[in-house]
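Labels run A, B, C and D following the written order; every chain starts at residue 1.
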Amino acid sequence: MAKTNSVVGVPGNERINALNDGVFAIVITLLVLEIKVPDIPPDLVATELPHALREVAPKVLSHIISFLVLGIYWVGQHNMFMHIKRHNRVLLWLDILFLLCMASMPFPTGLVVQYGQEQISVVIYAGTLIITGLTLDAIWWYASHDHRLVDESMDPKLIAFVHRRVLLAPLIYLLAIGVSFISLLVAKLLFVVVALLYILPNPLDHYHHSKLHEQVTVWD
Amino acid sequence: MAKTNSVVGVPGNERINALNDGVFAIVITLLVLEIKVPDIPPDLVATELPHALREVAPKVLSHIISFLVLGIYWVGQHNMFMHIKRHNRVLLWLDILFLLCMASMPFPTGLVVQYGQEQISVVIYAGTLIITGLTLDAIWWYASHDHRLVDESMDPKLIAFVHRRVLLAPLIYLLAIGVSFISLLVAKLLFVVVALLYILPNPLDHYHHSKLHEQVTVWD
Amino acid sequence: MAKTNSVVGVPGNERINALNDGVFAIVITLLVLEIKVPDIPPDLVATELPHALREVAPKVLSHIISFLVLGIYWVGQHNMFMHIKRHNRVLLWLDILFLLCMASMPFPTGLVVQYGQEQISVVIYAGTLIITGLTLDAIWWYASHDHRLVDESMDPKLIAFVHRRVLLAPLIYLLAIGVSFISLLVAKLLFVVVALLYILPNPLDHYHHSKLHEQVTVWD
Amino acid sequence: MAKTNSVVGVPGNERINALNDGVFAIVITLLVLEIKVPDIPPDLVATELPHALREVAPKVLSHIISFLVLGIYWVGQHNMFMHIKRHNRVLLWLDILFLLCMASMPFPTGLVVQYGQEQISVVIYAGTLIITGLTLDAIWWYASHDHRLVDESMDPKLIAFVHRRVLLAPLIYLLAIGVSFISLLVAKLLFVVVALLYILPNPLDHYHHSKLHEQVTVWD
């Protein structure tokens, strides 16, 4: 391990992980806590409450979507850092940029839910997620390139597989920006497709798993 | 352990636990921080302050209840994860859903405290807690079924005991929804019963403890 | 260690500590973040900004006091848990009550800073801190009594020393409530005395240290 | 290690680190979450949304700057605590003061972005960062002086190097306060210079690295 000298290997990545988990925990919690109990004058409660609850519904939807998208990135970063064994200043800063993206995601999501009929909302949403995806891939590129912060023995095929899996989302979001000039509905359907692709176990993964199975820790 | 291959066993569950603790810490803290010092013009402080403090009281009550109910789930999840030794993508997602439930609990609690005279509040509250309980049980089912993520040696009786203990709450909440069509007061009393059942040490636990005592880590 | 059977000793107290640190981190951060940049119309900035900043000052003071008082309890709980080696359901619940007290402290502190001329504010402040102190002492009593959750070898003198140190604050706060009927100023001075007693290294500590020095981990 | 007796060495610095990470995670997250989706009446969305988004832009800039400045301090504190092996009550309190500075940073940053044309904003900003830097240096001074909380074997040159690196920022901020009496623009450019100095890898670091390389864990 010729590179160990320029890498701070002790005490490992606990603190980066703690930071990521902290930011994720705060973002998802505050998202949901923002949904407030409506204030209704006592004499109108019986008639107004069901109506007020129905008005809260779209906000709830927006928050659940943010929640799931953030979940996808947390799981992705979680899995990535199972392979990254060491860190240095550059990785810390790439990770801080990634957290900046994570923390800002509620804003574009809110735009799409509230003003989804405007193309600018769809473009800002897709743009934010493209930047987030590219930052996550930059972390992987920096860590795995030349086996800088991963094990020397890591299979190049696994390294490439992670790149493909991470970059799939930004690619589809780029496509969605193009499509948004023709149909906003199709663009928004593409957002749902991305989410399903990452949450559901998919056959592509299983194909790769079976090929990489014998030689490396399984990327589940 | 035939299943180890498809399970990411390293670095263990530290990060899931950190995430759960983070979300719990944030939810309980923000609950209480929301209680603000009332703003009173200087010349009215002497006469208005006691009155203003009395108005804060029901909010305080609502927050203490949320706090205790969240505490019950944190303790439950904490104890459950003492037995879950490994994790994979499915467990991560089940846990993220559980956190979504935890984070949304202040909303239905607030509904019951502010609009407890409306059946819809009671139904939403019980419904949220049923979903939360079922999600927690799904985590246990997924982890313990076929000893997927728990030790091979775990006693099936302990597995069943945890299921019963976790599912007791959703059952009573379901009963409370039925009862709410007849009496809202009785339904709300059932909520208190559930809380006491989980906070107080209870004889059922001790019976099971004594039977399981010799062979497994004690489920306290 | 005859008690190990009824105690969950693995994986130790990491998660309780994580929860405490999380709550403390959130409370102190939100306290300070609440201080907002004043909004001033562009043409009035030059004349109004210094004035607006001076108005923020008392809020800043209130927050620094909360910050330090919370710091005292965090350091206290931190030191206490260096001696507590195991936990069980009762300890979890006592700790959750302690966190409830920690999280509510900004409210009484705000009362004293904004409405310090009213006795009720001083009584609520002292009362909250008495309950917090008693809860912290209850944790220690439960853990150390009969060496339930501490090492068998722990010196009874150290156990008693911790009790005295923890209970000193509630005692002075009780005194402050009595004094508040005569002089609010003296009562508030007692609050400052308590803070200094716990932040500054004090000779009483050193006396005890030197006596306990050879046989136990030093309580610093 | 003659000093070990007066130092609590177990369980190490995990909890201080957890607290720092928690506060940092919360501050950076809340900064970004504060940027809210604008509320626009349905019939005006098409015309008003682009305008409303442009108005959000300066706030976004302010938050990204806070984010990066906080990132600098987190990385700095992170690296410093790789060398600090033990802690005691004094270190806990110095660290709590450092966290107080970290948590208050959004306020002066907001002042500079909103009221950057007023000297008082620039002075408060630079003043806060001078205090933050001095607090961080006080941590290092206390820990490394006489090798109190660092390894006996630590090279005095490394100790001095860390001091120089940490104190560089307060020095430039002091210069910026002086310059602010002549030109606010130059003062604000100095703020940018400091940020770049700490984020970019710089030749001075490399020079020191190469000299310290053989004998100590590399300060990356």
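Just so we're on the same page, a residue touches a chain if its C-beta (ideal position, glycine included) is under 8 Å from a C-beta of that chain, and two chains touch if they have at least 3 such contacts.
All values reported here derive from a predicted model rather than from experimental measurement.
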Note = Outermost chain relative to subunit D, judged by CA means, is B
Inquiry  = Suppose you list every residue number at the subunit B-subunit C interface; are over half of them used by both chains (same) or under half (different)?
reply    = different
Remark   = Note: subunit D sits from subunit B at a C-alpha centroid distance in Å of 37
Ask   = Approximately how many whole Å separate the CA-defined centres of subunit C and subunit D?
value = 26
Ask   = Mind pulling the subunit C residues that touch 2 or more other chains?
value = 14, 18, 22, 25-26, 30
Ask   = Which positions of subunit B touch subunit A when the two form their complex?
value = 5-8, 10-11, 14-15, 18-19, 22-23, 25-27, 30, 88-90, 92-93, 96, 99-100, 103-104, 106-107, 110-111, 114-115, 117-118, 120-121, 124
Request  = Please give the residue numbers of subunit D that touch subunit A in the complex, ascending.
outcome  = 14, 17-18, 21-22, 24-26, 28-33, 35-37, 40, 45-46, 49-50, 53, 64, 67, 71, 74-75, 78-79, 82, 199, 201, 213, 217-218, 220
